[in-house]
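Right after this note come the structures.
Okay, so chain A shows up in both of these, paired with chain B first and chain C after.
Here is the complex of A and B:
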């Protein structure tokens, strides 16, 4: 039986058994994940850090959503929140619904099932994300034993198949290796194999290629795209690298200072960016076909997440800023094409 | 773990032992003339010389050293000045009592210290955590002789449940084992807590959470093996120390172990006996730490492997 068939069968069972959508889930339509007006405040040394500020976002079944933004704009905090992995002292507002389930209100048992079977996550540092004193095969098998009730022998056999699925060279021989015996790319493949082991409906990839060489980065991104097609799972791909996002995503959400400033289909964002920050990100991406003496940058630095801005958070760095931007925070508006933008003076409107 | 790792560690242990033997030899000679200390001050010089010749202390120091090392290698640690018995025999007959007390104390330390430290780390900043920290601070700051006397006052004098001194029955073991065990448990709990907290904050522990594994797996299979190295280091020191006898606790409870022998031997200027005790204590410490090194290699695949080395 192929994994694809298995996964659908499994999904059906999961839907009935664990994640049975409540009637209120019907209006969600195709939305697998729906984040509504979500805010996170984390305690910091100098007062609370407002890492996520009223974000609304949804991910459809089988879709790849790219979230792009500079370091420290709250991307990882948002990802951790989806799996309810934030520290206990985080102050949370708003809601996250997955498949009709309110993620923050799940019992610890249901939360463990959600984390294991429904939503999987891979991280920025693949070497540091695997337990250094446990064999990689055992780490994959542990998850299968817990969530699928397999015996250790069966689980290890399944681990080989999963490692094959993620194109791990000489998969069988890798089972008994420790993470320090693998390269960074192989560690990330192991993480992906572990993530896929219970056929999740959503994979959250938080900067999955940042710690890897460029060639390995391309391999991992191709692998993720292939697996998404083969398994029909949705992906949230987070990166600070617009190139990485552009290559893989159907839709892009641009994050700045804990907010989503622009959200639209990938081509729309790349061809006709509306927010000055998005424009800046695109211009700042080095173009291999262009020899440049100086690299284009966005002036200024990322806004501090501790102070709440009165006006637009991007205003101090924005070349198109006007008086209104300093006084009034822009609201999110949805354009006729379905794109969402939070800017008083979107690009391409006056021209 | 490679054979090379084993050999290197064993050779290092041997080297340590040789250094200890040399150090003890020199210290006892530098600390003053043992013959003069043994004999009354007004002993005639001829008698002193006679004793010196009898104990081989008239020879040049390097000859004494070679003789000493040769006799140690033959298992001859000299004679007790007091009763003329071999010093080794005087010490070894105390070993069973010391081992009994040492391992009972270790068991108490492990049974109390490890779970307390783990619970404190897992429930950080909770009432459990604060209680464990308080226990660790108090447990380690109260001197063992004081705690021992408190136990005697409570269980022997007030309640009359337990005998206060001697080693005739198992009941005699309870109080000295508790005294040693709880004191070490306090240290162990602090080490375990700190080490577990460090591990729980590592990136790979977030992976375990994200995979939805049960807490028992998370803590016992994923966190504890990583936290074990500093704990095992600490345990190595505790074991080495317990094997060389507990001077104060054995004295308080009149427990006939090596610790009490140390006190009487030092008071009686029994050079050979003290030398033997120091040698055997050093041997215990070295063996305990060799064992710790071997356990490291087993606990952490990165140690002693060809590719990983000691780097993290």
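Here is the complex of A and C:
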């Protein structure tokens, strides 16, 4: 399809970018991002690592999707794939469509426009994502000058507005600071300001609060929720912390060993988890409102991502595993409540 | 000083000189820990919570005698730790062990893990001969759930994070430690593994009667594992009470804010208090009055000028807040 360069004003803000004819509806109805049967194999020292295994997922316009999973389950690889940031030697199957565009087939020029402008990303380590020897204001202004063609003076003025938007204390005075002069929370605010500078339709936040203190974490999560409402952008929030995901997301996708094992509305996942792994994750997370004598644990540790097993990847750790689980990999099925699960014997189904 | 307690930390302070450039201004003194007092009983877990930079880890190191305080004393089994010398010092050190967040950094990367534990035993001359030492290592590994397999011959990098943390616990057990300072022991672990380690620590406490000083920023884990909680803010303890009291009825506004900020899987949690604005200020720029005053939603005039002392406001509960104390004497807690 042909791209339309858009530049229009909405609520006093000039919006510009490549867009489908109507900004709210995309060629896929309400799906802003659609990932179909996507797999990634990365070369490893001991054979290929099958980091993402046949994932299908979609993100609607303005929605917050939470992806939860333990380390090494493929969360970050999936995020990198959306921005087409995987290394050249990665073997990729399946498709990713953003706003009707096949991300993998875009020319590097169009891709550069997509990254940062349409889709923005923030990372766990904000300190490491900022250039340590350049002033914060300059770094934000650079992006505005490249993507929006602003002059340096207007870009710096816009940088102040953005820093205000992310509730940076004394925003104007911060322009001349270097990243090391900011706290972790302020660095993350700067990253968010940069991410928002081009009014992206999708913000990918990969463990955005993991390195922050709990009170600052709460501030950043509230900020993300507020901004999402104000700007109408969709968010993919990746975290290992179910609590963080629960408070922010509309929908949750639970990843295990490169697959999505359960996906449903937040309340459904938390109140009626169907997959034994989801159940285990919820029980193993200590809750501030619940005291138990011993925490329920999931025996063993996270499965390796080298070649996929014949049966269900969670089978070795699953309490409810049966013979079939070892032999046949479960397919994704959609339940009556709209939840998607990949399990032969989902919990609570006999009732 | 309570004679029944295993470890008593009394009025401990520790200052550091801030880094200065060659031609920079004179180095300023930063009080990382300021007049901290607490004690830990036998078989008890005291949690030390607070944000990064609040002085938790420094307090933990001083409690172990790994760092000398600028002022104040640490008594272990009624002996002043910093006045002990020679054999008595070694004996005390053996009884006090530490588990770190970074389990990989706490182990020698080139030595099989079993040999590492044996080495510590031989350094302290424990468990007689070589075979007795080996037996004790096997026994300790068995206790932490790493028995059977040939784990003892492996190098740290061949183990997962959870397994390495188990090795650290086994090492403390083999030393027959009585007190273990755990500095963020589960922060780097995945949720499912974190639960295993928390359970293991609690089980070992039951079996061997261990005491823990549990340093953590994760209040969810703290609620689960500890008997008492001390909340630190900018080097001072602002509230100390039993775990049930702290979580059910936090008195200090900072404790309330910390609890409110904890992400929970239940969307409407009852403890929801005010969300805290601002950030931990620079400890070097400490002004008069309450340290929390700049971020406190209830701050009054008095808070700006007078630093509140840590005072007893109920059974085993101490708070350093003008408002909390007043509310308590007027009957009923604040919350």
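The criterion applied here is as follows: the second predicted complex is superposed on the first by the 317 of 351 C-alpha atoms of A that agree within 3 Å, B and C clash if a C-alpha of one lies under 4 Å from a C-alpha of the other, contacts with A are read in each partner's own complex, and residues count from 1 in each chain.
The rule we apply is simple: a contact is a pair of C-beta atoms (placed from the backbone, for glycine too) under 8 Å apart; a residue touches a chain by one contact, two chains touch by 3 or more.
Quantities reported herein were computed from a predicted structural model and do not represent experimental measurements.
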Which superposed partner A:295 touches (first chain B, second chain C, both, neither): second
Touching partner for A:99 - first (chain B), second (chain C), both, neither: neither
Chain B versus chain C as contact partner of A:130, first or second or both or neither: first
Touched partner set for A:216, first chain B, second chain C, both or neither: second
Superposition-derived comparison: chain B or chain C, residues of chain A touched: C
Chain B versus chain C as contact partner of A:113, first or second or both or neither: first
First, second, both or neither for A:278, with chain B first and chain C second: neither
Which superposed partner A:76 touches (first chain B, second chain C, both, neither): neither
Partner chain(s) touched by A:191 [first = chain B, second = chain C, both, neither]: first
For the chain C and chain A complex, residues of the former touching the latter: 51-52, 160, 162-163, 190-196, 198-199, 202, 217-221, 223-224, 247, 257-267, 269-271, 275-280
Residue ranges of chain A touching chain C (in the complex, touch as defined): 70-71, 169, 183, 185-186, 213-219, 221-222, 240-244, 246-247, 270, 280-282, 284-289, 291-292, 294-298, 301-302
Chain A contact footprint on chain B (complex, rising order): 202-204, 206-214, 217, 221-222, 225-226, 299-302, 305, 307-308, 312
Interfacial residue positions of chain A with respect to chain B in the complex: 83, 85, 111-117, 120-121, 123, 125, 128-134, 142-143, 146-147, 178, 180-181, 191, 194
